[in-house]
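Presented sequentially are two complexes of chain A, the first with chain B as partner and the second with chain C.
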Partner chain A sequence: MLSNLGIISSSISLLASLLLIYLSFVELKVSGDKIQKKIYKFSSVQLIFSLLSFLVLLIGYIFSDFSMINVYENSHTEKPLLYKISGTWGNHEGSLLLWINILVLFSFLFLFLNKNKNKNFKIFTLIFQNLLISIFFIFLLTNSNPFSPVFPIPGEGLGLNPILQDPALAIHPPLLYVGFVGSSIYFSAALAALISKVEAKSLATTLKPWISISWFFQTTGILVGSIWAYYELGWGGYWFWDPVENSSLMPWFLMTALLHSVLVLERRIGLYSWVIILSILTFTMSVVGTFLVRSGILNSVHTFANDPSRGLFILTFLILMVFSSIFIFFKYTPSEKKNYKIFSKEFFILINNWFMVFFLAVVLIGTLYPVFLDTLIGEKISVGPPYYNFVLAPFLIPLLFLMTSGPKHKWISSETKIFFDIILFLSVFLFLIIFFIIKENNLLINLILLFSIYLIIQNIFDFYENLKNRNINLSRIISHFGFGLLIFFISVNHIFSVESNFNVRVGEKKDIKNYIIKFENLETSSGNNYKSVVGYFEIFNKKKLIKENLEPEIRVYNQPKTITYEASINSNLFSDTYLTMSNISDSDIFNIKFQKKPFMNFIWLSVLLISLGGILNFFKRKKEI
Partner chain B sequence: MKKIHLITTFAFLIFIFTTLYLSLNNRKIYNTKDIIGQKIDTVELTLFDNSKTFNTKEISNYKFTLFNFWASWCAPCRKEHKNLIKLSKNKNLKIIGVNFKDNKTQAKEFLQEMGDPFFILISDPKGKQSVNFGIYGIPETILVNEDLTILKKYIGPLDLKDVKEIKKIIKQ
Partner chain C sequence: MLNIKTKNRLSIFIAISALSIIIIIFILKTLEDNVLYFYSPTDVEESNKMVFGDTIKVGGMVKNGSIKTNENEIKFIITDYKNEIIVSYKGTVPALFAEGKGVVAEGSLQDKKFFLAKRILAKHDENYMPPEIKESLEKNAK
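So, the complex of A and B:
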């Protein structure tokens, strides 16, 4: 029953998309500034049925309706409610439906929120967005149907991978999807702007809120994924340069570039073509990421079940999308004069953009290189953190410096002020104090620390100055301040992290640097859908004479039968103590990974501040409109 | 000028997309089973006790060689060790141990406690050398003949059945 309802409602929504495309073409020939009510009506119908189809799948999951293969394969009656719900998007088909829903929602909101904008611009945006929606709906219904029925109906489902049963991971995919699927709307709007010859300022004001909101969600999505990896994967890291993590970072670089260059477009009517290119590239990179994750060409924790036909479909779509965008771009792009001066604000924003493009290139090469090498030469390599740290870290120094000094320059003006001000002296002074405390010898890390302190202090000063003048650019200040803090705390975390792997039996002790780790006891316990072995450990800090108790677990889930290693983390304001345990088969020895990670909470907080800047930017826009 | 831009962009994209298309049909899972029958690479390996090197070409001097990849932190290695000791008594077979991502002192303690079956001991602290042998976890063991051809590969600890099989091969 639900299965049919799902298929019918998504088919109606697909039909509405096709009709919208047709009606939009008709509308282009009709004179007048207003769009006919029919189009608004069909857009509403499309949204209602698209949401309904998602609701149907959600209900299927909540009530464990195993008549749908998708629910049968990814859910189980014993699963807690939250994970039944998150199971809806924890698989390829369901997450594709979520993808489409976000495409539809953004199409609807764009149409309804921009009633006063140029008619042709809106109509073309609607056409492009609905082309995307239709293609994805066809993909969903023909290749990846989440509503496919199964008969006879199984009595019980196969269950969701336990490492995905986690609150952070329940919200991680939707956040990321709003971020990068949301970028589809400025992809469509950018192409529409070229064809309908929209003027720069109008394009900038239209794009800005969409860029801010998708950037906010992308940043938060990456943060939540990172937190999940930290405590669930049991590796003790928060960023692994995993190809799939990179896939979420690549559009983020472009969104960040776009967030800045759209300011130039708005104030200085410059960088028109560049903003268009970035808008097209952002969504393209999102689709590239989707291709890499879902085609199965990468081996990663994120990879969905492998099916080459999916990869082929997404690749074909990607090729069509890229070539038609290039065609439109080359055909319609207006010629533009470079009207910015060196050392003006727009000059610095352009440099920021080049930094983002450079970071993107580094990450893209690192991600694709192993795939290309394997395919073309047959050699298998993996590109890991050393490559990224080596190539990216030195460039953080000029980036931090430009983030500090760029915003101090004026628009248009090419004044070359050298800022040997009190802030720089204060930063050097603070850095020297920190240097004498931590005594780190690595020049690169010291420079990164110095320039991140400079950025942090500059933004604190800016905050006070702007408060006095009542001209608050809070969004920029908070984001830049957050970025300074992030780099600072990542560096300090890198310097002070302690890590040790060892084997131990119950009752034994281990001495590691300033800590004594005692394996006190082992007990079995059970949860809702799993059984577990809990280790009781006492960690004694010899320097501070503090005791901590940690209880890492080994869980055996019933459905599907899977073992997970749950880290036990004692998180204090300044430092995390991190312990994972794994058993060694046929012995009473346990392998322990002990880590001391300083300032983890500050790293999370810094990213939160960065994304807070994005949401403030969004609301600031709204007020101005 | 515009045309040149367009042509280079297109050529570049066609290359990218073709490769991505080919990668779809490429083998996905890293499988080392087909290394059986292949010859091992000639590489220089660093000895455990000093910084001298050992070239894999020298294996051609022995009738059969067994490469065993192990570490003191690896519990299954502890389990298979007695089987390696048994095999080491065989005259037709030389066992080369590759100490994988290990602490040297702990590795020495391990051999003192459990016995040393190795004819030659190689040190591979970063696990880089082992990659040449298609190793991606330990313990793994490879049986090689005098032509440097890989005859057998064992993933996981050697059990008595494996020991019997190895003995049978080297008797021939």
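So, the complex of A and C:
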């Protein structure tokens, strides 16, 4: 029953999209600057049925309707309600349906909320957006149908991988998808702007809120994913430069570049074509990311179930999309007067964009190089964190410096202020104090620390200025401040992290640097859908004379039968204590990984601050429109 | 011959291309130095250019009955049913690490038969076989 309802409502939604494309083309020939009511109606119908199909799948999951293969393969009656719900998008088919729903939602919102006067611009945007929607709907219905029935109906489902049964991972895909798919609307709008010859300022004001909001979601999505990796994967790291992580970071670089360059466009200084290129690239990168994750050509620690035919579809779609965008770009691109003054604000924004493109290139090469090498000469390699750290870290120094000095400059003017001001002096002073406390002798890390302090202090001063006169961009201050803090705390975390691996029996003690770790007891316990062995550990800090108790677990889930090792983390304001325990074939010896990770909470907080800037930027825009 | 504007444009163009070339060379050079190669026990046995001490990945199946845990380390044998390597490792193992299952170890070779692992790679799915292992097993089965 539900299966049919799902297929019918998604088919209606697909029909609505095709009709919208047709009606839009008709609409182009009609003169006048009001869009017909019909188009609004069909857009609403499309949204309602697309949401309905998602709701059907959701209900299927909540009430464990195993007549749909998708529910049978990914759910189980004993699973907690939250994970039944998140199971909806925890698999390929369901996540594709979510992807389409966001596409439809953005198309609808753009049509209803956008106040742009240019009718053709809106209609063309609608056409491109609905082309995307139709293609993905066709893919959903022919290749990855979440509503496919199964007969005879199984009595019990196979269950969701326990590692995905986690609150952070329940919200991670929707957040990231709003970011990824949100970029589709400026992809469509950019192409539409070229064809309907939209003027620079009007394009910028149209794009800006969408860029801010998708950037905000992308940033928080990455944050939540990285928090999940930190406590669930049990390595104590929060970023592994894994291909799957990289594919969420690559569109982020481009969105960040867009967020900045659209400011230049808004003031009619230039960068029209560049903003268009970035908009096209961002969505392309999002689809590339999806392709890399779903096709399985990459070997990742986050293995997703995958299927080459999906990869082939996305690859074909990608090639078509790129070539038609290039065609439209070269056919319609306007000639531009370029008039950039060196050391003006727009000059620094352009440099920011070059940095983002450079970071993108580094990550893209690192991610794709293994694939190329494998297909060309069949050599199996992987690219690890040392490559990224080595290439990216030195470039953080000029980036941090430019982030500090760039915003101080004026638009369209080459006026330079003196660099050696009170803030620089204060930063050097603070850095020296920190230097004598931590005594780190790596020059690179010291420079990064110095320049991140400079950025932090500059923004604190800017914030103070902002309180006095409200002319300064608050969202910029908060995001830049957050970025300064992020780099600062990552560096300090890197310097002070302690890690130790050892084997231990119940009742034994280990001495590690300033800590004594005692394995006190082992008990069995059970949860909703798992049984577990809990280890009780006492960690004694010899310097500070503090005792901490940690309880890592080994869990055996019923359905599917899976073992997971749950890390135990004691998170304090300034430092996390991290303990994981594993055991091989019921031996009486347990393998322990003990870690001391300073400032973890500050790292999360910094990223939150960065994304807060994005949401502030979004709301500020709204007032002006 | 060239007017000032063209000259300016040309110099900017040359500067940017030179900079991009330097940067790309820099990226590729670093990439080359930091790449992790993957080998099966047979690759290790047959290769002559193997450098001991470099970080590499070795993968295959964990030999049945080979896992030994003592106070200091975990020892096991990676096999591709043709050749074997003894692996020594300190730390926690991924949940799916077991005898008779696929494994990828990251670390360095001490000699052709002894591997010091720094990391045992985690896989989330029990039905999942890392493609490298699958391929190397298929190759050796022939």
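In the analysis below, the second predicted complex is superposed on the first by the 616 of 625 C-alpha atoms of A that agree within 3 Å, B and C clash if a C-alpha of one lies under 4 Å from a C-alpha of the other, contacts with A are read in each partner's own complex, and residues count from 1 in each chain.
Just so it is clear, a contact is a pair of C-beta atoms (placed from the backbone, for glycine too) under 8 Å apart; a residue touches a chain by one contact, two chains touch by 3 or more.
If you're wondering where the values come from, they're calculated on a predicted model, not measured in any experiment.
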| item | value |
| --- | --- |
| Fit or clash - chain C, chain B, common chain A | clash |
| Partner chain in contact with A:Leu312 - chain B first, chain C second, else both or neither | first |
| Touched chain A residues, chain B compared with chain C | C |
| Chain B versus chain C as contact partner of A:Asn501, first or second or both or neither | both |
| First (chain B), second (chain C), both or neither touched by A:Phe323 | first |
| Partner chain in contact with A:Ile422 - chain B first, chain C second, else both or neither | neither |
| Touched partner set for A:Ile589, first chain B, second chain C, both or neither | both |
| Contacts of A:Leu28 with chain B and chain C, given as first, second, both or neither | neither |
| Touching partner for A:Phe291 - first (chain B), second (chain C), both, neither | first |
| Contacts of A:Thr375 with chain B and chain C, given as first, second, both or neither | first |
| Identified clashing stretch of chain B versus chain C [9-17, 63-71 or 81-89] | 63-71 |
| Set intersection of chain A contacts, chain C complex versus chain B complex | 299, 380, 501-503, 584-585, 587, 589, 591 |
| Touching residues (chain side chain A, partner chain C) in the complex | 161, 163, 233-235, 299, 301-303, 305, 358, 361-362, 365-366, 369, 379-384, 386-387, 390-391, 501-504, 560, 562-565, 580-582, 584-585, 587, 589, 591-593 |
| Chain C residues touching chain A - in the complex, by the definition given at the top | 23-24, 26-28, 30-31, 33-38, 57, 67, 69-74, 90-99, 121-126, 128, 130-132, 135 |
| Interface residues, chain A side, partner chain B - complex | 291, 295-297, 299, 306, 308, 311-312, 315, 318-319, 322-323, 326, 330, 371-372, 374-376, 380, 501-503, 584-587, 589, 591 |
| Touch list for chain B against partner chain A, complex | 2, 5-6, 9-10, 13, 17, 19-26, 28-30, 73, 75-76, 78-79 |
